[in-house]
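Think of it as A, B, C, D and E in the order they're written, each chain with its own count starting at 1.
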Amino acid sequence: AQQSGPLVLAAASLQESMNAAADAWAAKGHPRPKISFAGSSALARQIESGAPADVFVSADEPWMDEVQSKGLLRPRTRVSFLTNTLVLIGPAGKAKRLTIRPGFPLAAALGPNRLAVADPNAVPAGIYAKQALTRLKVWPSVQGKLAPAENVRAALALVSRGAAPLGVVYGTDARAEPGVQVVGTFPASSHDPISYPVAVLASSRHKDAEGFRRYLISAEGKAVFRGFGFGAR
Amino acid sequence: MPFDLAIALKRGKLRLDYAFRTEKGGLTALFGPSGAGKTSLLDAIAGLARPSAGHILVQDTILFDKARRIDLRPEQRRCGYVFQDLRLFPHRSVRDNLLYGWRLAPPAQRWMDLDTALGFLGIGHLLDRSPATLSGGEAQRVAIGRALLSGPRFLLMDEPLASVDAERREEILTVIERIRDELALPILYVSHDRAEVDRLADRVIDIPARG
Amino acid sequence: MPFDLAIALKRGKLRLDYAFRTEKGGLTALFGPSGAGKTSLLDAIAGLARPSAGHILVQDTILFDKARRIDLRPEQRRCGYVFQDLRLFPHRSVRDNLLYGWRLAPPAQRWMDLDTALGFLGIGHLLDRSPATLSGGEAQRVAIGRALLSGPRFLLMDEPLASVDAERREEILTVIERIRDELALPILYVSHDRAEVDRLADRVIDIPARG
Amino acid sequence: MTALSPEEWQVLLLSLKVSGVAMAAILPIAFALAWVLARWRFPGKVLLDALVHLPLVLPPVVTGWLLLIAFGPAGPLGRFFAEGFGLTFIFRWTGAALAAAVMALPLMVRAMRLSIEAVDRRLESAARSLGAGRWRTFATITLPLAMPGVLAGLVLGLARSIGEFGATITFASNIPGETQTLPLAIYSALQMPGSEWQVTRLAVLSILVSLAALVASEWLARRSGSRYGQAGAAHHAL
Amino acid sequence: MTALSPEEWQVLLLSLKVSGVAMAAILPIAFALAWVLARWRFPGKVLLDALVHLPLVLPPVVTGWLLLIAFGPAGPLGRFFAEGFGLTFIFRWTGAALAAAVMALPLMVRAMRLSIEAVDRRLESAARSLGAGRWRTFATITLPLAMPGVLAGLVLGLARSIGEFGATITFASNIPGETQTLPLAIYSALQMPGSEWQVTRLAVLSILVSLAALVASEWLARRSGSRYGQAGAAHHAL
C-alpha cells in the first residue's frame, strides 16, 4: 500500500492548484498523492467518522478547528499556508469598474438583478463576502438581492452565464474563468484573513504524509499555488 | 335489411371471410365449431376489429365500407354486445356496470330500465357488489343486463347463456324473444346449444371451420 | 369412499354449508342454480378456499380436517381442476400451459400424454400460440388438457364444456367417461346441462340456492 | 422537539408550496408522456424514453445547469415564458418548482407507464361499444384502472421534489423565503460545524411531510378501490 | 467526439462497476421489500414504507451523512461488516456502490410493488393446484408476471445509481480510481472554470450508459414477452 501516495482530502476550490502541486511533488520521484476534492464540511465529517486519510487541506479555519478539537490532527502539523483575495466580478467585457469603498453604490449597480455569492450563512466565501459588505456598510442595501449559490464556483457560473450581473468570489476563481472580469477588489481589511490550513491527520500511517505537507508549505510548493493566484504566508 | 355484410378479416395468420344478408328482422344464429370465427365476426360488426375489405350494414345503416372509407367508431354503432369473456369493469360496482351504457344513452334511445333488467336477470341483490366477487353465472347475467340497458339498436350476443342455470335461462330466453318480437331489434346470437338455436333463431348462419 | 365431506365456508356475508358422501367411484354431478356455491365447493376441495369447519376426504385421504388440524396444501392434493374462469397462464405458450402440471408430476403419476390430449381436444395446431389469441372454446379445451395432464388423483370440473361445440363436446365426453370407468378416478362435475349430467353422472348432488 | 421557529416555518411552507405547485404542473405532462410511451409506437421512442430519464441519470447539478441555460433570462425557454406569460424562473420560487418538477418527472412517468401498460384494453373496447367516446373511456375506464400507478407516481414525485437539492440550488439559488426549501436549509446548516441538531430538526420535518403524503396516498388508493383486483382474489389466499 | 482518455475510461469503468454491483446487491432486497409491502398486512407497514422512501425524501448529502454514521469505521454496521465479512465501505468503491444502492432502493421498490400488486392471484392458485409449491409458483408465475415492474425498477435504479452524487461524495468521498464515478468526475470538472467541454463529454458518457440500459431493458421486456397481455389485445386496437 505504501507504493501508492498518501490520501489527501482537499477543499474543492483547490482542485487545479492542488493537482498541480501533486504533479510537481510526484515529478520529484514520490508516489503521487491520491486527492479527494469535496466541500470542507463533507471532508471534515469523513475524518470525524474515522475515515483513513492522511492529509487535510481545508478552505477555512473553523472546520480545521472542529477536527482539531476532536483530537484528530497530528500535533504541531497544522499550518495556514495560503491566502486569497475577495473580488467583485462581472461578465467579461460588459462590466463597468466600481471602486470598492465604504458605501459604494452596489445596489444601484445591480438594479433589479441579484448579486451572486456563495451561501453567506454557511460557505466560507459567502461568509467573507457578508463580512466585507457589512463593514463597507452596503450589506443592508443588498441583503435582499443576493443569489446564494452552493459554492463559490457555482456563484462564478451564475455570473459567467449572465444570470447575475455581479458576484463576489475569490480572486483565484475570477482569474481562472475567462467569462468574467474583476470589477473591484475588496480591501483585505474589510474581512477576516482568508486562509487555507493544512494538517496531517492523527490516524495517518503513510510515510509520505508529512513529506507532502512539508512540500506544500515549502517555498517551492507555495510557488505552485502562487501561479494560480493564491497568496502565500 | 337487418344485417348485410361481406368482409374479410385477418386474425394472426388466418384470413376469415364472411358474407351474408338476413332478409327481415328477428334473431340470426351463428352456428359453427370452436375457432371458426364467430367472435371475430361480432368484433368486426361492433367496430372492435377492422376488416381489411368489404362492408357492414345493419338495418340499412352503413357501419363500415372499405371502398367508401366509412368506418363508424364503436361508440357510434349502438350495438349491445354481450362479450364471450364478459368484460365487466372490475373497478365499478355491479350497479355502475349495469348503468354504464344506460347513462350514456339519450333517454329516448333507452328501451329498458334497471328494475326490469334486475327482475328477469335475478341480480337485484348484487347491485353493490364488486364484479370480482360474483359467481360465473351472476357475472354473465350482469353482462347481459349491461348490454340491454345501453339502449342499443341491435344485439350481438356471444354465448350469453353459457353458464346460466336452466330456470334462469328460461326467463332470459323469454325476454330475448320479446325483444326480438316487440322491439324488432336485429339480434346476432352465437350458441353451441342446438335446442336454444332452434327455439330462437329465425335463421341460422353456418360459420364453417377453417384452416 | 371417493368423496366424503362436511364443511362450512364463508363467502362475503354468506355462509355456505355442504355435506355429502359418495358411495363408490364414478362421476358425481353438482347441480344447482347460479350462485348456489358450486365453485366455492370445488375451491374448498382444491385447497384454494379454507373452510371454517368440517372435513374433506377424497378416496379416504384426509385433505382437510379442522378438528385434527389437517389442511393439505393445494399442491399436495393432486386434484385436476378445470376452473370456471379457465386461468390459463398468459405469459406461457399453449404447450407450456398444457405441460405445466405434467412436468411437475412424477412420471409414475401421469396417466395421459400430450399427444393423446391434443388428439381428442383438437388443439394440436395451437401449441405455439399465446393464450390471449385463443377463441373461447379453444381456451376451454386447453384448460381441460392442462388439468388432465397433471396426473391428478381426482378431477374437479367446473362447466368444462360451456363453450365447446357439439361435435367436440361428444369426443371430450367420451374421454371423460373412459377416465371415469377405466381409471376409476373420482370426478366432481358442475354443469347446467341436464342432458350432459344425465348421461355422465352416477350420482347428482343438488346444491340449493341460498340467501 | 420544541415548536418550530419562524425560519423553520418559512422553510416548511415554502417547501410545501414548491412541491405542491411542481406536482400540479407536472402531473398532466408526466401522464401524457407515460401514455405516449405505453401506447404509441413510433421511431425514436427510445430517444424520448431516454430524454425523460435524463434528469435521473445526470448529476442534479448538471440538470440545474442545463435549466439555467434553457430557462435563464438569456435562454430560449426563459425568454418564451417571460415574454409569453410574464413568468420568470431564475432566483424565484417558480424556478425551485420547475427544478423539482423536472427531477420528479422520470419517476412519475415510469410508475404511470407501468400501470397504463397493465390496463386490459378489452375493457376499453367494451366501454367504447357501450357508447363511450375516447375521452370518456379514458376518464371512466383507463384512468381509474391506472390509478395505482398514478398514485405511486405522485408519491415518488412528491418525495423526490421534497428532497430535491442539487438542481434547485444551481438553478434557483438558495434565497431564504424565496427558494430556500428544506434540503437547501439543511445544506446550509450542514456547512457549519456543530449544526447537527438543526439538521436533524429539518430532516425530521422532511420525513414528516412525506410520511403524510404516503398515508394520504394509501388512503386514496383504498378509497378509489384501486386494488379491486385483489378484493375478489382475497378468498383465494393460500 | 474523440476517443476516451485513460482517465475517462477509468471513470467510466468504475461507474459501471459501482452501478453493476449496486444493482446486483440491492435487487433481491428491493424485490423482497416490494413483496412484503404488496402482499403482507402488518402494523407499522406505513412506517416500513416511509423508511424505504427515506433516501428519496432526504437531501442526498444527509443520506450520505447517515451512511457515514452507520457504515463508517466507528459505526455499528460498519463494524459489523468489517469484523464479520472484512468488508469496509468508506473511501472505497464498495462505499460508492452502497450509496448508489441505497439511493436507488425506493425507486426499485415502488416499481416492483406496483407490478406485484397487479399480478392476478387466481393464476397463482391455479399453479398451486397443478402441483407447484410456493417457490415454484413464485418463480414460474408471479415473478414472470411481475417482470415489467422488475425491469422498470432496474432501469430506474440503474439510471439513479449512474447519476448518484450527493450521498457518494459525502460518504465515499471523491477519490480518482476508487470512488470517483461519472457524476463526481463531472463535479470535479465543474470546479475548474472553462471545463465545459470536459463536462459535456462526461455527461454524454452518462447518457450513453443509461441509454444502453434502456435499450437492453426494452429488449428484455420484449423477449420475456412481458407484454403478453397486449399481444392478444392488439387486434382490438381502436
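FYI, a residue touches a chain if its C-beta (ideal position, glycine included) is under 8 Å from a C-beta of that chain, and two chains touch if they have at least 3 such contacts.
What you see is a predicted model; the values in this text were computed from it and never measured.
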{"item": "Graph separation of subunit A and subunit D (steps between touching chains)", "value": "1"}
{"item": "Two chains joined by the most C-beta pairs in contact, as defined above", "value": "D-E"}
{"item": "Reference subunit B; chain at largest CA-centroid distance", "value": "A"}
{"item": "Euclidean distance of C-alpha centroids - subunit A vs subunit C, Å", "value": "79"}
{"item": "Whole-Å gap separating subunit C and subunit E, where each centre is the average of the chain's CA atoms", "value": "44"}
{"item": "Subunit A and subunit E: spacing of chain centres that average the CA atoms, whole Å", "value": "35"}
{"item": "Subunit C residues counted as touching two or more neighbouring chains", "value": "11, 47-48, 73-74, 85, 133"}
{"item": "Two or more partner chains touched - positions in subunit D", "value": "61, 65, 122, 125, 128, 166, 187, 190, 229, 233, 236, 238"}
{"item": "Set of subunit A residues in contact with two or more other chains", "value": "157"}
{"item": "Of subunit D, residues touching subunit E in the complex", "value": "46, 49-50, 53-54, 56-62, 65, 106-107, 110-111, 113-115, 117-118, 120-122, 124-125, 128, 134, 148-149, 152, 155-156, 159-160, 162-163, 165-166, 182-183, 186-187, 190, 199, 203, 206-207, 209-211, 214-215, 218, 227, 229-230, 233, 236, 238"}
{"item": "List of subunit C residues in touch with subunit B within their complex", "value": "11-12, 32-35, 39, 84-85, 125, 129, 133, 135-138, 140-141, 158-159, 162-169, 192, 194, 211"}
{"item": "Contacting residues of subunit A [partner subunit E, same complex]", "value": "7, 9, 12-13, 15-16, 34-38, 42-43, 45-46, 49-53, 153, 156-157, 160, 173, 176-179"}
{"item": "Subunit C residues touching subunit E - in the complex, by the definition given at the top", "value": "46-48, 73-75, 77-79, 81, 83, 85, 87, 89-91, 100-101, 104-105, 130-133, 146-147, 150"}
{"item": "Subunit B contact footprint on subunit D (complex, rising order)", "value": "122-123, 125-133, 136, 140-141, 144-145, 224-226, 228-229, 231-233"}
